[in-house]
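Labels run A, B, C and D following the written order; every chain starts at residue 1.
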Amino acid sequence: MIARAWRRLSPAQRAIVERAERVTAEEVAPRAAEYDAAAVNPVESWRALWREGLLASAVPRAYGGLGLDMPTYAAVIGTIARGCSSTGMTLHMHSTVLRFIDALGTEAQKRRYFREVVEHGKLFGSWGSEPAVSQSFTFLVETAIRKNAGGHVIDGVKYFCTMAQGASYYMIWCARDGSSDIAKALQLALVPSDRAGVNSDGKWNTLGMRATFSPTVTLADVHVGDDEVLGPPGGPMGIGVIEVFALGYAAIYLGIADGALTFAADYATKRVVRPENIAVAHDPAVQRHVGELVAHLEAAQHVLERCAEQWDVADAPLRGVLSSKAKYLATEAALHVTSRVIQLVGGRGAYKDYPAERALRDVRTATLMSPTVDRMMETIGKHVLGLGAGMFNVGR
Amino acid sequence: MIARAWRRLSPAQRAIVERAERVTAEEVAPRAAEYDAAAVNPVESWRALWREGLLASAVPRAYGGLGLDMPTYAAVIGTIARGCSSTGMTLHMHSTVLRFIDALGTEAQKRRYFREVVEHGKLFGSWGSEPAVSQSFTFLVETAIRKNAGGHVIDGVKYFCTMAQGASYYMIWCARDGSSDIAKALQLALVPSDRAGVNSDGKWNTLGMRATFSPTVTLADVHVGDDEVLGPPGGPMGIGVIEVFALGYAAIYLGIADGALTFAADYATKRVVRPENIAVAHDPAVQRHVGELVAHLEAAQHVLERCAEQWDVADAPLRGVLSSKAKYLATEAALHVTSRVIQLVGGRGAYKDYPAERALRDVRTATLMSPTVDRMMETIGKHVLGLGAGMFNVGR
Amino acid sequence: MIARAWRRLSPAQRAIVERAERVTAEEVAPRAAEYDAAAVNPVESWRALWREGLLASAVPRAYGGLGLDMPTYAAVIGTIARGCSSTGMTLHMHSTVLRFIDALGTEAQKRRYFREVVEHGKLFGSWGSEPAVSQSFTFLVETAIRKNAGGHVIDGVKYFCTMAQGASYYMIWCARDGSSDIAKALQLALVPSDRAGVNSDGKWNTLGMRATFSPTVTLADVHVGDDEVLGPPGGPMGIGVIEVFALGYAAIYLGIADGALTFAADYATKRVVRPENIAVAHDPAVQRHVGELVAHLEAAQHVLERCAEQWDVADAPLRGVLSSKAKYLATEAALHVTSRVIQLVGGRGAYKDYPAERALRDVRTATLMSPTVDRMMETIGKHVLGLGAGMFNVGR
Amino acid sequence: MIARAWRRLSPAQRAIVERAERVTAEEVAPRAAEYDAAAVNPVESWRALWREGLLASAVPRAYGGLGLDMPTYAAVIGTIARGCSSTGMTLHMHSTVLRFIDALGTEAQKRRYFREVVEHGKLFGSWGSEPAVSQSFTFLVETAIRKNAGGHVIDGVKYFCTMAQGASYYMIWCARDGSSDIAKALQLALVPSDRAGVNSDGKWNTLGMRATFSPTVTLADVHVGDDEVLGPPGGPMGIGVIEVFALGYAAIYLGIADGALTFAADYATKRVVRPENIAVAHDPAVQRHVGELVAHLEAAQHVLERCAEQWDVADAPLRGVLSSKAKYLATEAALHVTSRVIQLVGGRGAYKDYPAERALRDVRTATLMSPTVDRMMETIGKHVLGLGAGMFNVGR
């Protein structure tokens, strides 16, 4: 179905999405089940994306990247996630780090890091979550960055450290001097994976999104140079980049759900039952279920497309609203579709030989990423009620 | 919110929608409660629409009408329904009759009937429903049209005869010689309201859509001339006009729901409670409800817009799928929104002084119009499953 | 279906419910549509209930009443509401006032007021709502009761003054000296309907529950004697009577919904469509809808029964949880059933000749009564989470 | 919460449930994660159940079993499933085979097989599913049993052969002489696990219910003696035993969901977030989610209890309705609860260190067992509409 989506893309944009479709079909999707079972980063799939230039989706053209606009970008990650959720998600995390570099970095930083991506296929992870913090409450970061003689020192504990196995750099979300006034203190640092003081517990055994490999990492007395810090304290706030995370999640959820539904529709046309000797697709009940799921999935997809199309002209608070709408509807639709698809297929829907069960696991896991459903509804509601507000509760 | 909808209209298209907004605000909406209470046709509102040229929305420009494309048309009827459901709905029924005339009529018929609209502000109703037929089963018409010396004779009983009070012509859905092979027998005849043999029971006392005034009418030995019959038997099938009904319903449901939600959001910002002395809009629970409703309403609206945009290039079966998608999602969203809006407002949500309760009544009533939810889901499902099919089960 | 409910009643309890069924079928239900249309109190129906002793359902046997236990009581009001929502609801409001008299009144007050009910068929209303208060926020009462020479004086404005047309006494919810510390200040006074200073605006034009006639009433310098006040300030709190309101609402919602669903099931077995010439009940889609609605309605009914059965041994906070469970599930089920029933019937489901549309209007209106859905979910959740709490936020 | 369920059990019945609770807590639950990961039958847990007499739950007392009535039985399997879904489910499959033996077996068969259970702790599996059959269509069995010189020969292919690894006997669902008139041809045979001709493909890699180990098995020229066949052809139909499957599933789904919800509620009271330094249980949004889930879970539980209580006096068609109600509501509630519980816990909800993700996988898998949701709704609907019908479409 996704082939019929994103109808407003130009031929040039569409060509890039088709490139993503091709590499997904040929290289990414076939490896997805294996990476999932092993819970290791999809290193080979990343390499394939690099060969196609897609690792540089968010690198500006001036630096050798594709510099994709938001609709094309969302179409690309959704397409890849349709074949392998973890590959799509890690590409998105990586790309969003690149957007922060583009927004906050110095010219030297941009040249340096973008080249790492374009020329060497390096990956960038983003580590924000922490054990004692809930973003459905107040947005807080306890990992502290402090100035010292040679630059800065970082101390803290991070949860859900995506790509801890396979990325080359990690963007660490810190609070300057451990301040809780996060709107002024938030600061991002880029730490190479082999930097001393970075210790992963190496554990990642989850329901889904297993190939993101996102263990807990302790940062103890981690030194970073001045040129490894992105912008000033408070810099990441209000620039409309944080909001890209949730918009991309929406594209990923819908991609996964679309893959599952396509599988189920195909299965229904092929599974013939006796004594009727007809495909189950001829059962009106099956038709209704398929119809209902398609309708809701397309509705969420249309909202995502509209939100992506408005991105460029939207300021940061509006981007918060747009990504909340897109992610909220994608969450509801993808959870519904991936659970119901298994029911539609029947007993064999739970077989690991088929992709439906992995889709459910991945969607149920990926939709836990911030912001929560309640928070998204509040963000949309506040906007409509004229009570301007961003996506997060910051400070007090 | 609807003001922000239909973003893809050109300035010229938008000007027409704004004309509809103005006349709705100034003349149509203020009379809605009264027409509802009295259950009489919104004759004054029709007149206002005529003055603005909107009664001729579906009359081709060559005949002096606006000749609106589908997106603009849907925006117009949704806008009007937002102020007065029955005015929007009757305009839509009328306009769809005009589309049948345009598709099936002779040049003489077009000239004659379109002039009645453009110059004299005449209304056209469409009478299809019958007592013993359920369109969720097989599409059947028992009202018979038979050739006689001077033309044709019609006999039958029609239910839900919209505008029986106020239109000048009624398009009667007939079966040639009473045949049940409806795909070949369906024929439409235009009967003037004062023609002998047309007898209404004059009863219309319903939950909602009260100003459509749609009683039961008996047609006994009703004579029509050859020039009052539109096209050949079977002519109305497969030409992609029947499908316009459901697409328009979707626009109407969403217009009504949008009006109700706008009211509730406004109410929430104005209702201040003690001892807190703050507007209830500051309650996170209120924000969540508003956010949830807005998200689902917009999703349905986006689907409607996409379907309307594809209309021109879609053949009849695809139009059946498009209008099923639009109507299905609009039905679900509008029922949900109009019921929940009352809850959001609280006890006073049930007051007739406020528009919310009327919106619920109108949506619950208007969403009963064919095709049913089950049938729409099947139509969408069949399409996705590659089992081509139109909106109706025709004969066997 | 309700006939099969309340299976645990003893023969004696069942006999009383059957008495309620009989009087409902013979006298209450036949008048329901008329009272609804006229929006006047169901005075004749009250009289019929009085003749059957049911007006004294909550009067202890020692005072000549039926002294019904909670399951029998809930079965009785549900049964009556099944035939006429407003009669069931007003009986419940009246009965709950009698429970307050029983819990807080002096022996003299009990003798006096209970005799009015038993011997003279008098009705008691309860007026609690106020314009500037939302019980989903803090439970506050602004109507003040102040001591004066001859007794007390009451001043305030009340909304939703049920039975303002037809009851003989109104129990006014007051705050002693206008204090906002409602836990200590809440006090109830019984005001005869003809007492000076009680002025109704006479307006009640609503979606549903029209025969409760519940206008806005201003109480200006209303004098009441010491013997017209029930118990001390703060007396009504924590005694487990307030919680009866919501439990009774649950029974009423389910009674109404059951009546609507029974009608629809009956309709489906009788409506025969052509060309198939079979009742629509044979359509699997119809069977599914009926099955789904019955299952959810019965589930809510079972919860209500369990909650009613536990009532006697539950303390006030637990009663808050029990009535929240019962009312929450009844609200969801009744809204769903009464809306879907109309869809099941089809176009004619909106006709006022049939009871389905009234059921929807009454349920949508009656479910607005406090506590709100959000508040009920919180009450249940707090209980499960070990955070003890009653139904209302009282003071701070 | 389940501790508070099943309130109507006598002390003697309750003692048995408490025995199940104890052995579940001490021996069954602690092994659940390991059996799930390895996808092997819970052999040690079965042994523990045997020691407690619970393997003989469905063996009549006259044969040394517990002879549990339906409410106690459902409480027992629900309690065990709460700790380990697969142990609860396999006990249920096993017990239902024993019910068939009790209903159809000769005295000699009963003595022989029941002793195997009571004295030797043997397990019995039931193999009914087949590759080309969908029970949502027509109930058909293609595995044929044919008379031969020494007894009978069975040929066919079975899917979802539960306990293929660990049971001692498998009850094979056959059609006498391969007849498609299943109402007259259905016959059950008990095949020892080591009988020649029984070949498993040894594959079982699924989303959930992994420790049921249910591969595909081919039966080729499998010989069974006359004393290994249960009753005559058609014997299993209409005796009210088939219907026990679905009732037990309901108890299992609710047990699993209850375990997950209890975990989440406990987690919410223990997880403290900064900077607020309060448990997330204090968040009203968390309270609402918990409240909503508890309410729906309890409603389904009440329906299950009512249905189990009515079992003894219900005939086979009514048992079909009762088990459809119980399973339908349990399916909806358990799917909703186990998905939402993960959301409630947040990111860590997907960790395999916690039981929530396994609960979701097991419920999503176990709810695929026949009959389907659509079929259950139809069964309930037909009953209410007076169109008597059992749970399955049998022949035509």
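Definition applied: a residue touches a chain if its C-beta (ideal position, glycine included) is under 8 Å from a C-beta of that chain, and two chains touch if they have at least 3 such contacts.
Please read all numbers here as calculations on a predicted model, not as lab measurements.
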| item | value |
| --- | --- |
| Most widely separated chain from chain C, with each centre as the mean of CA atoms | A |
| Chain pair equivalent in interface to A-B, over half of contacts matched, among A-D, C-D or B-C | C-D |
| Chain centre separation (chain A, chain D; CA means) in Å | 38 |
| Centre-to-centre distance between chain D and chain B (centres being mean Cα positions), rounded to whole Å | 50 |
| Sequence positions of chain A contacting 2 or more other chains | 284-285, 374 |
| Residues of chain C touching chain D in the complex | 1, 7, 265, 268-269, 281-282, 284, 286-292, 294-296, 298-300, 302-303, 305-306, 324-325, 328-329, 374, 376-382, 384-387 |
| Residue ranges of chain B in contact with chain C within the complex | 129, 132-134, 136-138, 140, 142, 159-160, 180, 205-209, 271-276, 280, 283, 285, 335, 339, 342-343, 346-353, 357, 360-361, 364-365, 367-369, 372-374 |
